[in-house]
Amino acid sequence: MLEIQKITKVYNAGTVTENRLFSDFSLTVDDGQFVSVVGGNGSGKTSLLNIICGTIPAESGDVLVDGQSISRQKDYQRCASMGRVYQNPALGTCPNLTMLENLSLADNKGRPFGLSRGVSKTRGAYFREQLAALGLGLEDKLNVKMGSLSGGQRQAVALLMATLTPLRFLILDEHTAALDPKTAEIIMALTDRIVREKRLTAVMVTHNLRYAAEYGDRILMLDRGRIVLDRAGQEKRDTSAEELFQLFSRAALDCG
Amino acid sequence: MLDLVISTVTQGLIYALISFGVYIIYSILDFPDLSVDGSFPLGAAVTAVLLTRGVNPYLTLPAAIAAGALAGLSTGLIHVKLHVRDLLAGIITMTALFSINLQIAGSNLTVERATDTIFTAEPTMAVFGGLSLLGRKLAVAFLLTLAVKLGLDAYLRTKSGLLLRAVGDNGTLVTALARDRGSVKILGLTLSNALVALAGCVVCHEQRSFSATMGTGQVVFGLATVIIGVTLFRRLRFVRGTTAVIVGSILYKTCIQVAISLGLPANLLKLITALLFLLVLVLSGRKGEEIIHA
Amino acid sequence: MMKTLKTIAAALLALAMSASLAACGAGAPAASSAAVSTSSSSAASGDTPVIGISQYGEHPSLDNCREGFLEGLKEAGLTEGTDFTLDYQNAGFDDSVATQIAQKFSAEDTALMCAIATPSAVACYAAAEDKDIPVIFTAITDPEAAGLTAGNVTGTSDKLPVEAQLELIRNIQPDAKTIGIVYTTSEPNSVSSIAEYQAKAGSYNFTIDAVGVTAQSEVTQAVDKLIGDGVDCLSNLTDNNVVGVLSSVLEKTNEAGIPVYGSEVEQVKNGCVAAAGIDYYQLGIQTGAMAAQVLTGKKTCDDIPYETISEYGTYVNSQSLAALHMTLPAAVSQKATEASKA
């Protein structure tokens, strides 16, 4: 279970541009939930992710995993139990290493990076299997450098890499936003399948209200650091994309 | 002239150790580390002092490696823990080392002919005694550089080596793998400066001297040889980066020897070298905008 | 296709250079330029012996040494072309180039290596070991510290006549107490000289205020510090960095009314008030004489211990003295040579 307790986040404190984004913000995500987070620009979606992952600090408040505070942990330490896929496909893989090398790295997450062979001879078949399951024909490209693949292909591999080893939470940071509509569909479907198959707890930030409506079992709408909508279960399933859009526009109008 | 070719190739092989170090820093880690200009003479200073004190010549190799490792470690710590920019961290170490080297060995230190070096000590003589001194230098340098090259190649294929390659290629991934980018960088810097100091050690054995200014321009040398080597062999996938930089180093030393032999004015040597890089880069179809990765 | 061709072209270029290296070694004529280096080499023994001159860099004192060396050979009765040929190389103040020059000499079986300045000498000494080629050095202040005393090596030392300089200063400035000296901490010659100054200064009732620098750009700041310390005069060593910016140094000291004593005649010509210094040309001649003896087989290096210059000259610059309202006592002006720019 992921808990965010009474987080306060202030940007540019004490200056003319001071922005009190979060004040006593709290949120609980149960195990196995797939949460979509939507909101306009400046609503705090990405800041929320960054605070969870430890990329930025919060002024006060706590982040807890299963009741244990992780606020003191550095970003890389938190990554031990979290996977993250970024909006920029280039951030998920190493462009000058081959797909096999990238996967080997991801495969070793959680274990020491010592002097044993980097690319295991025995795991090749397993990787091919996993890649084939993505349905994108990537299983033949194991020895290709990641940099020469398309954004969609890299993002698919990034998604696979993020979920290769056991993890508690999957953080998806607008991970389809930089892809063309067709590829975005593929990646989104892939995401859904992986989350359900591996029974992951996922937090997905997205601009796409249709994805928010169609996928996941809970939807949060943020507006200037406050939760203005929180629907789960049947209520969420009954919410259509159009309704979301109307709620979204109203929130935008309210703040003028 | 066989002798001249032998001595030039020997120089190229010895200085290739610097190229290995710079290869790791620039090509793999993507970190502009100027401490190379300080760790090269550091290796030589430590070696010169130990040799004049009668220490077993072979022991100077691990000693120099350890000294270089410390230098790289300090650059890494300054950069990672004290959050100093990469370029500046290297400059700080390089500047500090200038004084440290002076403290260790004075402004210059010569090793007498009577003192044994790795080229003249008994174990070497036992194997290569039949060769002239020139031949011995080539043989020992070749074996040493080959050993380091193979070791480096093997290391880069390990998990640790792979992680090192990742940190220079996409540091975000390293964080995502729950590893500390800073620690990985520190490891890389330690390794590369250790290699550069080893180069200084072998040069001291070969030249029988240490001079406080011998480090000046070595980082430029390293960069040049890495660029030349990697650019030349970019199309030939089966040639590893480590082999390419050895060729780059030999090529560089050859250019200088050609310039000397042609009787060209010494002042023009640097210009000629610069023109050479330009030629190599243009002919290989690259403008050298980015360092080619491993 | 084009790219592969280009790679091949680049590799061929590399190969061509290596080949030209071999060709040059076999005696291709040199492309000589406006005056700096000449190269003519003979490959096989039995031809005229080659003398390899390795000069560390272009510098008036070092150039004077070289000229003197050639004169010294002439005075010993050897003629260039018949009795020997020359291979002059200049390392441009780069240590690794000096190494490669020395290796070239060794590879080409030169009969004798003449090395001008410490880094070139050390490089020649190392490269000469293989074939035991004699090395004659010059312009090295402390050959012992440089490790150049044993084993087929000898030469001349430009050790400063420190005592003579101290005496000169004492004579011209009877009331002076402190002498300021700027020196480069990484130049071995300077380090040795400073030590000697500090050892001998006491007997002339002087204290030495020495400031170490690491680069030429720091010299003027060091001079500022000395002026601020209130030194009575400055004295120069044969420090390349200081001598290189002498005019800037003199600008500051003249404004502050402090005289600067040089270490050799060129510096006095350029504005120093006086110097008890050695003549590098003479030093070169002495070196040439030694080389001639070794070359003709009359003596070996082991027979000849290194020499320091026995005579020194006293040079004064009346214009500089006048500008600082200083006069020369009779004792000095009697044996001094005027050395000012006409």
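Read from first to last, the chains carry the letters A, B and C; within each, the first residue is number 1.
Note that a contact is a pair of C-beta atoms (placed from the backbone, for glycine too) under 8 Å apart; a residue touches a chain by one contact, two chains touch by 3 or more.
The structure presented is a predicted model; accordingly, all values stated were derived computationally and were not measured.
**Q** Linking chains that touch, what shape results: line, ring, star, complete or other?
**A** Contact map by chain: line.
**Q** Go ahead and name the chain pair joined by the largest number of contacting C-beta pairs.
**A** Ranked by contacting C-beta pairs, first place goes to B-C.
**Q** Could you work out which chain's C-alpha centre is the most distant one from the centre of chain C?
**A** A
**Q** With chain centres defined as C-alpha means, what is the inter-centre distance between chain B and chain C in Å?
**A** Computed value for the inter-centroid distance: 31 Å.
**Q** Distance from the CA centroid of chain A to that of chain B, rounded to the nearest Å?
**A** 43
**Q** Taking the mean of the CA coordinates per chain, how far is chain A from chain C in Å?
**A** Distance between chain centres: 69 Å.
**Q** If I count partner chains per residue in chain A, which residues reach a count of at least 2?
**A** If we look for residues of chain A contacting two or more partner chains, we find none.
**Q** Using the touch definition from the top, which residues of chain B touch two or more other chains?
**A** There are none in chain B.
**Q** Quick check on the complex: what are the chain C residues that touch chain B?
**A** Against chain B, the touching part of chain C is residues 2-4, 6-7, 9-11, 13-14, 17-18, 20-22, 24-26, 30-33, 36-39, 43, 57-58, 89-92, 94-97, 99-101, 103-104, 106-108, 118-119, 122-123, 125-127, 129-130, 145-148, 150-151, 185-188, 190-191, 214.
**Q** Contact residues on chain A for chain B in the complex?
**A** Residues of chain A touching chain B: 74-77, 79-80, 83-84, 86, 90-97, 101-102, 104-106, 108-110, 112-119, 162.
**Q** Which of the residues in chain B end up touching chain A in this complex?
**A** 155, 157-163, 165-166, 169-170, 172-181, 293-294
**Q** Which of the residues in chain B come into contact with chain C in the complex?
**A** So the residues of chain B in touch with chain C come to 1, 3-8, 11, 15, 98, 102, 106-108, 110-114, 132-134, 206-209, 211-214, 217, 221, 232, 234-236, 247, 251, 253-258, 260-270, 279-280, 283-285.
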